[in-house]
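Some structures to go through are shown next.
Same chain, two partners: chain A is paired with chain B first, then with chain C.
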Partner chain A sequence: MAIYLVKRLFAALIIMLLVVFFTFVIFFQLSPDPAASICGQTCTPERIEAIRDQLGLNEPFFTQFFTFLAAIFVGRDYGSGASVVHCNAPCIGYSFQTNQDVLQGIVDRLPVSVTIAVGAAVLWLLSGVAAGVISAVKEGTWWDKGAMMFALAGISLPNYFVALVLQYLLVVQLQWLPFPTVVPFTDSPVQWFQAYLMPWMVLALMYASMYARLTRTNVIDTMGENFMRTARAKGLGRSAVLIRHGLRPSLTPIVTLLGVDFATLLGGALITETVFGLNGVGRYAYDAIAVNDQPVIMGVTLVAAFAVIIANIVVDLLYRVLDPRVRVSTS
Partner chain B sequence: MNKRAMSMVAIAAAATMLVSACGNGSSSKGGDTQSVVDDKTGFASYTGDPQKGGIVEVLGGVDFSHLDPAMGSDGNVLNLYNLLYRNLTQYKYNRESGELELVGDLAEGTGTSNDDATEWTFKLKEGITFEDGSPITAEDVKFGFEHAFDPSLAIGLDYLQNYVKGAKDYEGVFEDPEGLDSIKVVDDRTITIETNEPMADFPDVVATAPGAPFPKDKVTTVDQIQKDPISSGPYKVDEYKRGESLTLVRNENWNAETDDIRPAYPDGYKFTVSLDQNTIDQRMISGQGDDANAVSASTNPVVAANLAKITQDPKLSERTVQSIPSCNYFMVMNNTKESLGDKKVRQAINWAVDKSSVVNASGGPQLADVAPNLLLPSVPQYDDTDPYATEGNTGDPEKAKALLKEAGAENLKLTMDVRALPMWQAQAEAVQQSLKKVGIEVKLNVIDQAKFYEVLATPSQQNELAITGWCSNGWFSGEPLLGPLFDGERITKTGNLNQSQIDDPKLNKALAEAAVMPDLDDKTAAYAEINEQVLELAPVVPLVRPRPLQLVGSNVGGAFANPSKTGYIDYSQLGLLKPEG
Partner chain C sequence: MSAHPSRPASDAPVLSVRDLRIEFPLGIVVDGSSFDIARGQTMGLVGESGSGKSMTSLAIMGLLPKEATTTGSARFHGDELLHRSDASMRRTRGDQIAMIFQDPLSSLNPYYTVGFQIAEAYRAHKGGTKAAAMRKAAEAMDRVRIPDAAGRVGHYPHQFSGGMRQRVMIAMALVCEPDLIIGDEPTTALDVTVQAQILDLLAEVQEMTQAAMLFITHDLAVVSQISDHVTVMRFGQTVEQGTAEQIFSNPGNDYTKALLAATPRLDDVVDLPEPILTKGGR
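For the complex of A and B:
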């Protein structure tokens, strides 16, 4: 197990390095000049040069790349003399458009993204898996057909559209909810819940639809396995067979999917956060993209990639716990 | 009457013309609150007299660019700065008379100069303080200027840096604490500033945001003001959650007796940022709960899709304020391209463009006016001169064809750089259709919005045509509106603002002479002539002047469009009609 873990972590490190390299190439070498973006519409060549100097953009590519890598471990200074700006380790960039350490910007916004991800995940897991299991058990019935049609609609409708319709119905027309305004949970649990309810519903609709379809297929496949028939032949009831023997193998792939989806959301539910005005990591990226704030775009990309890689490792480890067959094969 | 006073009368006259032009008349509504509605548009000219107290909310989609006034240059952040910082001078706008007057803010007046306007002296008022109660001295004003000249901060409005002698080469107050010799502290309340050339508009220049004072002994790092602003205005920062909200509370040490520009009605402001545009409109239209105390930020005017809903409901119209034009949108024609080198071709294109179709593409006549020329209505002695005027602004294809034939330039094929934003693309398509009628084929080259200005400012990357805009940020003069855009001496390889790359010796000479005229009236007249000279040379096609709408909550008073706040609602004049709810 320890050797397996070390191997996985080593592989993750290599992948992270590759991600850093490619994002660095894309954002700093192939994108619009970040100095021109900082300088804005009313700019002069002297100012652009001064900003390029401060950001170190006049250095050779590999010097810039290794300075960036080193900053993750030891931090770095931007500029020199009295105008120097220091970015503490682990430094993944400094935004000169917001005058903020990028990592700090992400950390400040992470609680919102985590709240969105956790709440939505609970909703979509409960509703998606339940709908999928019932559809599988009632395969071919009107319930099954209706649930799967609803799932198809959930996958097909764009998030942006669902969010605006939901807001229009629940807030403007029916006035069941106020316009979302985030307050700390400790200040007002009710207002906190109201602020997050619609984002959770929007994301849950999309993901639950996918999970319902996947669960249905897996349960139907599992129900047809020999060991299920054996269990039934031994006299176990249909429900008992499903719960004791059918769900565990059916839901293992769901864990994989959940890990990756959850990690992706930590990198920001960009559209949902934007529509509902939630200041999460996705909104941070959205604002940065609008003004070509490359250190922020790159920082969010790296953190999102890091979250997905870590989630994959966690899922693989969980897999070994959940499914003895995996343990046997990898040992 | 001194020259400054005369010029202010001229501004007042121009502003009055503008106010009259905004509608056929106005009527008061709302009894005690004295709100005023424009009879022609149905929009509010004024939302009533506010009372002291309460919190005004501002709903916006974009966070403030910078809290350090040396760094921000967009209209929304300049509007915020006016709540936090004071300058030597500032604009005062009387909405009833339409008078826009430059007055002393920290200074007792608008300054006095030597004969050739190269040395300006300002006397500070008594009783002016920072938020900690310490007095604002001439030394602090000098420090504020020199702080703004620091190369790592100077990304905001650059007028002050351009005109104060030696400021362009100055390393900044942290690198060179001795400061500039050109800014002399005569005594605690008197400061003298030398300009690098005669500068009759210098009192306007010190009104720009980078001229805010800061206490010399309390600012120790280059990014301190950005993180922890030190207020000299009626409000100070209570809490700032970047990307989420900014809360201002009263600066108890602000002395109201020294400030007749900012009435400071509310106890505080709450700016909520990062909201979705549609959400802002929906919230403002619904006006539920605290949203009755809110206005939409100037960054997020009403979207065209919601216009019908507002205009069909008088109650909504009466709490909608239309901005005063402060930007010209125009089509740049790259004079260095062979196809556009001939003035006749450029004039033909000016005749060909159906500006009414561009107005429609910009949201319609309720959201944009035709731009007849390159100045703005708030510029003193402004007139609507337009050598290419046509009935209904629909253009004159026949005249255009004749000119093209004369120039031997038929069947032209041009490429237009277009910013990837819906309205800009719609404007480009409208121009494309107009030019098609005179046999000019235009290919649209849509550029990512983040890269657009970089392409436009780099002559080697420019195509033949492009639509762009240029706005005033309070200083209404031909100098900032025409100089950077049409002076051939200012063409650069990067960061270029003369994007038509017109380099006409006569025009360059006229611009150089006008800039240093010591008499303000002569200067104004010179720029009016230059405006006509530019139109005749036709390096660009003036297209539209947007007039966006801002929604105001039903309990918000003091809302009116202020030309000195880039034409939008002036946050500093807002307050609640009934602070107790």
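For the complex of A and C:
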């Protein structure tokens, strides 16, 4: 078990390194000159050159890359003398446009993204799995066909469209919800809930649709397994056969998906956060993209990748608890 | 051994099937099957795949797919089994009639320990605490000669060998002490030496419990070892029926002869009839 974990963490480290490398290449080497975008409108070639010096952009590629890597562990100083800017470890970049440590910027906005992700995950897991199981049990009925049509629509409709329709319906037309304004939970739980309800619904619709389809397929497949026949031959009741023997094998793969989907959302629900004016990690990235603030874009990419990698390890560990076959074969 | 007080006199057959006919929307799969099985006796139901032997067993268990329609009768201790409600069939299934399936690996749920799966069958009918049912499971595993049964109740199906898995299935079938055991090709998926062990075990179990047994197989060599009576089926119809001795020493039907000829024997003789080619390449 310990050996397995060490192996996984080592593999994760290598993947992380590769991710850092490729993001670094894409954002610092292939993108427009970051010095130019920092420099702004009143720019002179001398000033660009000074900024390039300060950012270390005149160094050879690998020196830049290792400086970047080292900064994660020991922090980094940009420039020298009076204009020095210090970025504490772990430093994944510094935004000269917002004059902020990128990691700090992400950490500040993470609670919003976590709130969105948790709420949406609860909603989509409950509704998606329930709809999928009912569809499988009632395979071929009107319920099944209707639910699957709805799910197809849920997957196909773009997020921003659903978000705008929902806002129009619930806020403008029916006036069931006030225009969402984000307040801390402790100030007004009701208002807090109202602000997050629509983002949750928008994200949950898309994911629930995918989960419903997957759950339905898994349950139908499991129903055809020989052990289900054995369970019936034992004289178990319908619900015991379905719940005890049918759902456990059907839902275990859902765990894998949930871990990765949830982690992806921690890296920000870019569109949803932007449409609903929530200042989460996604919105941070969106704003950075608009002004070509490369350290921020790159930082968010790295953190998102990190979240997915960690989630994968957690899911694999969880799988060993959930599936006895995995537990034995890898220990 | 048995705890069923309402059992009629021992002469009456445990299972009595009369003119059983099973029809699917696409055609008839069993057409007029009739046989009796008495206490402690084994009926071998033989035929190639598609002959309707498994459908016969599923009809007795009440496990046929919804689209199947059945006529005729199948009486268990005099009570009709066909057309009963699922709830009422459920009380009989696994308790008084138990079934052993072909492929023990896929027939056991990979997510639960074998002890749990056996105990579950026990609790479904006899109730009691989980711990008591687990002890029953260990007892049943011990009875089918699984070494260190008490220690292995907590193991998962994939941790057993094929033969041991089938022993687990047999333990599951035995745990409620049924009066009728249906084996649907229970030795087919096993290799030959294990097959012989399982057949010996089944014979021994039957000796011990005096349960009636319906043994379904396509393998005449297996039938010859275990059956008292034999029914040969083909395309849903019974082509021949008799005691095992009659069938093996003096087959009356050409198809039976062909089946026998297809069985490799050590004392093979030269002038057996040519095998009959089957219809439609089945």
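Going forward, the second predicted complex is superposed on the first by the 329 of 331 C-alpha atoms of A that agree within 3 Å, B and C clash if a C-alpha of one lies under 4 Å from a C-alpha of the other, contacts with A are read in each partner's own complex, and residues count from 1 in each chain.
Keep this in mind: a residue touches a chain if its C-beta (ideal position, glycine included) is under 8 Å from a C-beta of that chain, and two chains touch if they have at least 3 such contacts.
What you see is a predicted model, and the numbers here were worked out from it, not measured in a lab.
Steric overlap between chain B and chain C is absent once the structures are superposed on chain A; the two fit side by side.
In the superposed model, A:227 makes contact with chain C only, not with chain B. More chain A residues lie in contact with B than with the other chain of the pair chain B and chain C. Looking at the shared chain after the overlay, A:248 reaches chain C, while chain B stays out of its contact range.
In the superposed model, A:324 lies in contact with chain C only, and not with chain B.
Of the two partner chains placed by superposition, A:186 touches none, neither chain B nor chain C. Seen from the CA centre of chain A, chain B and chain C lie at an angle of 160° in the overlaid model, rounded to the nearest 10. The gap separating chain B from chain C in the superposed three-chain model is 48 Å, by closest C-alpha atoms.
Within the complex formed with chain A, the residues of chain C that make contact are 61, 63, 86, 90-95, 98-99, 101, 103, 106-113, 117, 120-121, 124-125, 156, 158-159, 169, 172.
Interface of chain A with chain C (complex): residues 225-227, 229-238, 240, 244-245, 248-249, 252, 323-325, 328. The touching residues of chain B, counted against chain A in their complex, run 62-63, 65-66, 73, 150-152, 154-155, 157-158, 171-172, 174-175, 222-223, 226-227, 241-244, 272, 274-276, 278-279, 282-283, 286, 288-289, 291, 448-451, 453-454, 457, 484, 492-497. Of all residues in chain A, those touching chain B in their complex are 31-33, 36-48, 50-51, 54, 79, 81-85, 97-100, 105, 108-109, 164, 167-168, 171-172, 175, 178-179, 181-182, 274-277, 279, 283-284, 287, 289-292.
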